[in-house]
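Below are two complexes that have chain A in common, paired first with chain B and then with chain C.
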Partner chain A sequence: MNTLLISAVLGVLMMFSGVLLKSRQVIRNLAIAGMAGLLLVNILELGGTTFFQINTRDMMAFDRFSLLFITVAIFSTLLYLVLSAKDMEKVGINYAEYFALLFFIVCGIVLVSSFKSLLILFLGVEIISIPLYILTGSDKRNLKSNEASLKYFLLGAFSTGLMLMGIALLYGSTGTFSTSFRLGPDVKPSALMIAGMLLLFFSMSFKVSLAPFHFWTPDVYDGAPTVFTSFMATIVKAAVFIGFIRLFNNAFGLMHGQWQLIAAIITAATLFIGNITAVFQQSVKRMLAYSSIAQAGFMMLSLYALSAEAYEGLLLYTVAYSLATIGIFAVLIKMNDYTFSGFNGFARYHPLLAATTTVFLLSLAGIPLTSGFLSKFYMLKITLASGKGMWLAVFAVFMAAVSVYYYFRVIQAMYFKEGDDPKIQVTTTFKWTLVVLAALVILLGVFPNLLLYWVYF
Partner chain B sequence: MVPVLLILIPLVTGLVTFFFKDGRTAKSWALFSALATLVVSVLGLTVLKETKYLQFNREWLSALNSSFAVQLDGMGQLLCLLNAVAYPLVILSAWKNDYKNQNNFYALMLLAQAGMMGVFLATDALLFYFCWELALIPMYFLCSQWGGEKRIPVTFKFFIYTFVGSLLMLIGILYLQAHTKDHSFSWQSFIDLRLPANKQQWIFWLFFVAFAIKMPVFPLHTWQPDTYEQAPTATTMILSGVMVKMGLFGILRWLFPVMPFASFQWADFITPLSLCGAIYASLIAIRQDDLKRLVAYSSIAHIGLMCAAAFAQNESGFQGLMIQMFNHGINIIGLWIVVEITERQFGTRKISELGGIAQKAPVLAAFLVIIALANIALPLTNAFPGEFLMFNGIFSSVTVYHVWFTVMAGLSIIFGAIYTLNMIRKVFYGETIELTRAANDISMSEKLALGVIVLIIFVLGVYPQLMLNETAATASAVNEKFDFVRQTLLEQKK
Partner chain C sequence: MPVNYYIFLAIALFSIGIVGVLTRRNAIIIFMCIELMLNAVNLMLVAFSKMHHAKALAADAATTVGTDGQLFVFFIMVVAAAEVSVGLAIIVMMYRNIHSVDVNFLNRLKH
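After this line comes the complex of A and B, so read on.
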C-alpha cells in the first residue's frame, strides 16, 4: 500500500518538476531519489511497517509474494534509471514527463501484482498501458516511433476490449468481480464462464506478447525509443506476467485441466516463433524484441505447470530476465549502430562493457552459473514435475539451443571480429552499475536462495 | 578436502590470471597452479586415502535439494590424475608460443580444468551438470579467439552440438530427480531409484546423446575433426586428451549404474555403431594429408573402441576402459605436442610438404616413435594392458555377435597401425627436403614434456599392476549391476 500511494504522488510531483526546475540534472536526481525512496518504503512494508491503513474491501492483497515482486521491480527500475536516465534526454524535450509516466507505470505494476478483484487488474493493466503508448511515441519527429505508438495503441485498445468483455462475462456467470470465487469440485463451469476465461487469457497473452498475439511486439519494441523499449520489454512485461499467473492461479486454478492444453500450445508456438524469427534478424534491437517473445514462452511454462514452485520459478525468471535485458539495452543505447556488425571489435575498445554484456547474454542463453540458467532450470523442473510435460520440455530445450545462436552472434562480434572503435562515452557510474548488475546475475545463479528465501520468511 | 581443492585451485587461480598484465607472468602462474593441482591429486591417490579426505558434502541449493557433493573415488581418480598431469605438460609444450592476450588464454584454460575436475568428482547430478557446462564455455572462447582461420563457425558448431546434448541430459536429470524418493540429485538416490525397465528406454537416450556427442560416437562426430583442426593446439590437447573422456566417464558414472536395463538392451545397437565409427574414422585417417586432422580422426577411432568396450559390460571391459582412458589421454597429448612442434617450426601441417625431419631432429623423432608405438598399443607400452583388457571384454561379452565385434575392433587397430606408421615414415624419415633442411631439434621445455610422457608410457607399460589395482574394485562394482540385469532377464525368459 505504501508504494501504491507514494508512487502516484511522486508521479504528479515529477510532472510539475518539469515546470519548476530548469536543470535536467536535478530532475534526474530527483527521479532517482524518488525511486530509491519508493524502494525503501516498500522494503519497510515487507518488514511489516505500513504507513497507510486503508480498507480495500478485499480488492487487493499485499501478500509476501506480491510485495517481494514489487521490491524486485522497483529495484530493477532503480538500476534502469541509474543506467539509462541520462539517455532519455536524447528522446525529446519533455524530460520530466517521462519520469512522471514511469512513476505512474510503477503504480500500475503495484496494482497488477497485488489485485484480488478483476476491476483492479483492469485498472492496473490500463495504468501501465496508457503511459506506455505515450512513451512509445515520445520521439515525435521519428515516423517509426509514431507508427509504433499508433499500432500499439490500436491493438492494445482492442485487447483491452477483449479483457473487459471477459470480465463482464465472468461477472455474469459468478456475480462477483473477486478472483477468489470457487467452483465446487464437481461443478461443471458454464459456457459463459469458459468464454470469459478464454477472453481474459487471450488479452493477457497479448499484453505479454505470446504467439499468436505477438505481432505488435517487434514493431513497437523496434520503433519505440530504445530507452523505453528497455523498460517495456523487462519490468513491465515481468509485472504483467505476475498478474497473469496470479489471475489464473487464484481464479481459474481449479479449472487448470481445462486450459492447460491451450497454455501448452501457446507456449510451444511462442517459443517457436520467437526463437526462429530472432535468428534471422540483423538488428540487435529487433533481435532483443524477438528474444523477449521467446523468453515469454519460457515464462509461460510456469502457467502450464502451475504449482507452488511455479511461483518461485517465475519470480526468479522475471528477475533474471529483467536484469540481463536491462543491462544489454543500457549498452545498446550507447551504440550508434544497432546492427550485429556494429558490435564488431567492441571488446578491444571497451573490455569492461563487453565482459558485462557477455555475462548478460550468457544468462539469457541459459548457461550455468548465471541466474538465466537457474530460472530456465526451474521452468523445466516444474514442467517435468507436472507429469505430462515431457514433450514440451524437450521442445523448449531445443528452442533454447536455437536461442544460443543469436545471443552468441553478439559475443562473436564483440570478441572474435575486427571493427572500428564505436566511440562511445560512458561515465564511471555507468560502468560500476553494469558491474553490479552482472554480479547480481551471477550471484543469483549460484545462490538463488538469496531471493527465494524471502518468499517464505 | 582433496576434491574441493582440486576444483578450487584451478578455479581461483584461473580467475586471478585474468588480471595479470604481463603474459609471461600469467604463463608461469598457470604452470604453478597446474603443478599445485598435480601435487594435490597425487596426494589424494597416495597419502590421503581416508574417506574423510576424499569426500565433501555441503548444502548448496537447498531449495532445489541439490548439494555441493564431491568425492574422489575409483571411477574418477584416474581421470582426475590425467587432468592434473595433462595441464603441466600442455603448458610446458606451449611455453614457446606467444598468444595474444596470454593472461586470458591461460585463465580460460585453468577454468576449463576446474570444470572438468568437477565433472569427474561430482556426486550430485546438478553439480555435475554445472561443471559439464563450465568446462565447455572456456573451451568455446579459447577456440574462437585463438584458433585457425575458420574458427568462428567451426567452434560454434561444436558449441551448439554439445549444448543441445547437455540440455537433453538436463531433462533426463530432472526426470530422474522428480522420481527419486527424496527428490534429491545425489548419485546414490539416482542409483536407488531403480526405474522400471520400460521407462529407462527413453531416459537412457536423453543421457546417452549428451555423452555420445561429447565422445564423439559416429554419427554425432562431425564437429570434432573441424574443431580439433581449428583450435589452438594447446586447447586441442586438452579437448582430445581430457575432455572427450567426460563422455565415457559420464557413461560409467551416470548411465550404467542408474539405468542398467536400458544400457544392457541398447548395447547391441550402440556397440556396432561405435565400432563402425572407429573403422570409418581410421579409414579417413589413412587418407588425411593434414597432421592435425589425422590425429583427430585417430582420436575418434580410439574413442569408438573405448565406447564399444564400455558397452561390452563386463569386468574386463570396464577395467580396460578405465585404464585406457588415462593412457589414451597421455599418448594423444604426446602426439599433439609433436604436431605442435612440427607446425611451429615449418609453418605447415601438410604431410605431403614435409619429410626427413629425423635426420635433423633425432631426439624429436625418437620421442615420436615411442609415442606412436604406444598409440598403436604395442606390448610394453602403457596402452597395451588397457587395450588387451578391452579386447578381452568385447570378446567375452554376452551378446551373440561378440566374435564380429572383436573382428571389427581388431580391424580398427590394424588400420591404426597403418596410418600412424605411414605418417612417421612420410614426415620423419626419408631424405630431407628444402623446407626441413634447416630444422632444429627440440628445446628443453619440450624435451621435458615429451620425456615425462615417455616415462609414463614405459612405467605403466612394464608395470600395469599400479592401474589394475586402482580400477579393479570399481570395475567389479559396475559389473555387479549388469550381473543383476542379466540374471533378471534370464529369469524372465524362463
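After this line comes the complex of A and C, so read on.
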C-alpha cells in the first residue's frame, strides 16, 4: 500500500518538476532519489510498517510474495534508472514526463502483483499499458517509433477488449469479481466460465507475448526507443507474468486440469518460435526481442506446473532475466550500431563492459554459476515434479541449447573479431553499476536463498 | 425482457467489433471497432449485474449483491477515455509524419 500511493504521488511530482526545474541533472537525481525512497518504504512494508491503513474491501492483498516481487521490481527499476536515465535525454524534450510515466507504471506494477479482484487486475494492466504506448512513441519524429506505438496501441487495446469480455463472462457465471470464488467439489465449470477463462488466458498471453500472440513483440521492441525497450522487456513483462500466475492460481487453480494442456502447447510453441527466429536476426536489439519471447516460454513452465515451488521459481526467473537483460540493454543503448558486427572487437576497447556483458549473456543462456542457470533449473525441476511434463522439459532443454548459439554470437563478436573503436563514452558510475549488476547475477546463481529466503520469513 | 436478449446483443456487437478490427485498414475505424468491443462488454456487464441482482432480491429485499457489475462499467468508461486520448494522439502523430492513417503503411519494421 505504501508503494502504491507514494509512487502515484511521485509521478505527479515528476510531472510538475518538468515545469519548475530547468536542469535535467536535477530532474534525473530527483527521479532516482524518488525511486530509492520507494524502495525504502516498500522494504519497510515488508518488515511490517505500513503508513496507510486502507480498507481495500478484499480487492487487494499485500502478501509476502507480492511485496517481495514489488521490492525486486523497484530495485531493478532503480538500477535501470541509474544506468540509463541519462540516455533518455536523447529521446525527446519531455524529459521529466518520461520519469512521471515510469512512476505511474510502477503504480500499475504494484496493482498487478497484489490484486484479488478482477477489477484491480484490469486497472493494473491498463495503468501499465497506457504509459507504455506513450513511451513507445516518444521519439516523435522517428517513423519506426510511430509505427511501433500505433501497432502496440491497436493490438494492446484489442487484447484489453478480449480481457474485458473474459471478465464479463466470468462475472456472469460466478456473480463476483473476486478471484477467490470456489466451485463446489463436484460442480463442473459452466461453458460460460470456460469461455471467460480462455479469453483471459489469451489476453494475458498477449500481454506477456506468448507464441501465437507474440507477433507484435519484435516490431514494438525494435521500434521503441532502446531505453524504453529495456524497461518494457524486463520489469513490465515480469510484473504481468506475476499477475498471470496470480490470476490462474487463485481463480482457476482448481480447474488446472482443464487448461494445463493449452499451457503446455503455448509453452512449447513460444520456446520454439522465440529461439528459432532469434537465430536468424542480424540486429542485437531484435535478437533480444525474440530472446524475451523465448524466456517468456521458460517462465510459462511455472504456469504449467503451478506448484508452491512454481512461485519461487518464477520469482527467481524474473529477477535473473530482468537483471541480465537490463545490463545488456544498458550497454546496447550506448552503441551506435545495433548489429552483431557493431560489437566486433568491443573487448579490446572496453574490456570491463565486454566482461560484464558476457556475464549477462551467459546468465541468459543458462550457463552454470549464474542465476540464469539456476532459474532454468528450477523451472525444469517443477515441470518434472508435476509428473507428466517430461516431453516439455526435454523440449525446453533442447531449445535452451539452441539459445546458446545466438547469445554466444555476441560474445564471439566482442572477443574474437577485429573491429573499430565504437567510440562510446561511459561514466564511472555506469561502470560500477554494471559491475554490481554482474555481481548480483552471479551471487544469486550461487546463493539463491539470499532472495528466496524472504518469501517465507 | 429476458436477460438473454441483452447478452445476444452484446455478443453480436462484440463480434462486429472483432471482425472490424481484423478486416478494416483505417486506423481510426479499427479504433472505433475496439470502442465497440468495450461498449459491448459494458452492456453485458450491466445485463449480468441486473440478472444477479434480481436473483438476490428474491431472497433479501435490501441486498446490494450484483451492483458491482455496474461499478465496473464506470471504470471501463474511464479507462476507455484515457485510451482514446492516448490513441488519437498517436494516430495524429502518425498522420503528421506520413499523411495517412492506413495501417498498410505499418510495414517499415518488417525488413
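Following the convention adopted for this analysis, the second predicted complex is superposed on the first by the 457 of 457 C-alpha atoms of A that agree within 3 Å, B and C clash if a C-alpha of one lies under 4 Å from a C-alpha of the other, contacts with A are read in each partner's own complex, and residues count from 1 in each chain.
Convention: a residue touches a chain if its C-beta (ideal position, glycine included) is under 8 Å from a C-beta of that chain, and two chains touch if they have at least 3 such contacts.
What you see is a predicted model, and the numbers here were worked out from it, not measured in a lab.
Colleague: Following the superposition defined at the top, how do chain B and chain C come out on chain A, clash or fit?
Modeller: Chain B/chain C on chain A - fit side by side.
Colleague: Based on the superposed arrangement, let me know which partner A:137 touches: chain B (first), chain C (second), both, or neither?
Modeller: After superposing on A, A:137 lies in contact with chain C but is clear of chain B.
Colleague: Who touches more of chain A, chain B or chain C?
Modeller: C
Colleague: Can A:24 be said to touch chain B (first), chain C (second), both, or neither?
Modeller: neither
Colleague: Taking the superposition on A as described, I'd like to know which of chain B and chain C A:119 touches: first, second, both or neither.
Modeller: The second partner, chain C, only.
Colleague: Contacts for A:448 in the overlay, against chain B (first) and chain C (second): which applies, first, second, both or neither?
Modeller: In the superposition, A:448 contacts chain B only.
Colleague: Which holds for A:148: it touches chain B only (first), chain C only (second), both, or neither?
Modeller: After superposition on chain A, A:148 lies in contact with chain C alone.
Colleague: Return, as a multiple of 10 degrees, the angle whose vertex is the Cα centre of chain A and whose sides reach the Cα centres of chain B and chain C.
Modeller: In the superposed model, the angle at chain A is 140 degrees.
Colleague: Using only C-alpha atoms, work out how near chain B sits to chain C after the chain A superposition, in angstrom.
Modeller: Minimum over all C-alpha pairs: 27 Å.
Colleague: Just which bits of chain A does chain B share with chain C as contact spots?
Modeller: In the superposed arrangement, which is not itself an observed complex, chain A uses no residue for both chain B and chain C.
Colleague: Quick check on the complex: what are the chain A residues that touch chain C?
Modeller: Its residues touching chain C are 119, 122-123, 126, 130, 133-134, 137, 140-141, 143-144, 146-151, 153-154, 157-158, 160-161, 164-165, 167-169, 171-172, 175-177, 218-219, 222-223.
Colleague: Flag every residue of chain A that touches chain B in the complex, lowest number first.
Modeller: Those residues of chain A that touch chain B are 312, 362, 367-369, 373, 377, 380-381, 384-385, 390, 393-394, 397-398, 400-401, 404-405, 408, 412, 415-417, 448-449, 452.
Colleague: What part of chain B is in contact with chain A in the complex they form?
Modeller: These residues of chain B touch chain A: 61-64, 129-130, 133-134, 137, 141, 144-145, 151-152, 156, 159-160, 163-164, 167-168, 170-171, 174-175, 177-178.
Colleague: Under the touch definition given earlier, write down the residues of chain C that touch chain A in their complex.
Modeller: By the definition above, chain C touches chain A via 7, 10, 14, 17-18, 21, 27, 30-31, 34, 37-38, 40-41, 44-45, 48-49, 51-52, 65-66, 68-69, 71-72, 75-76, 79, 82-83, 86-87, 89-91, 93-94, 97-98, 103, 105-106, 108-110.
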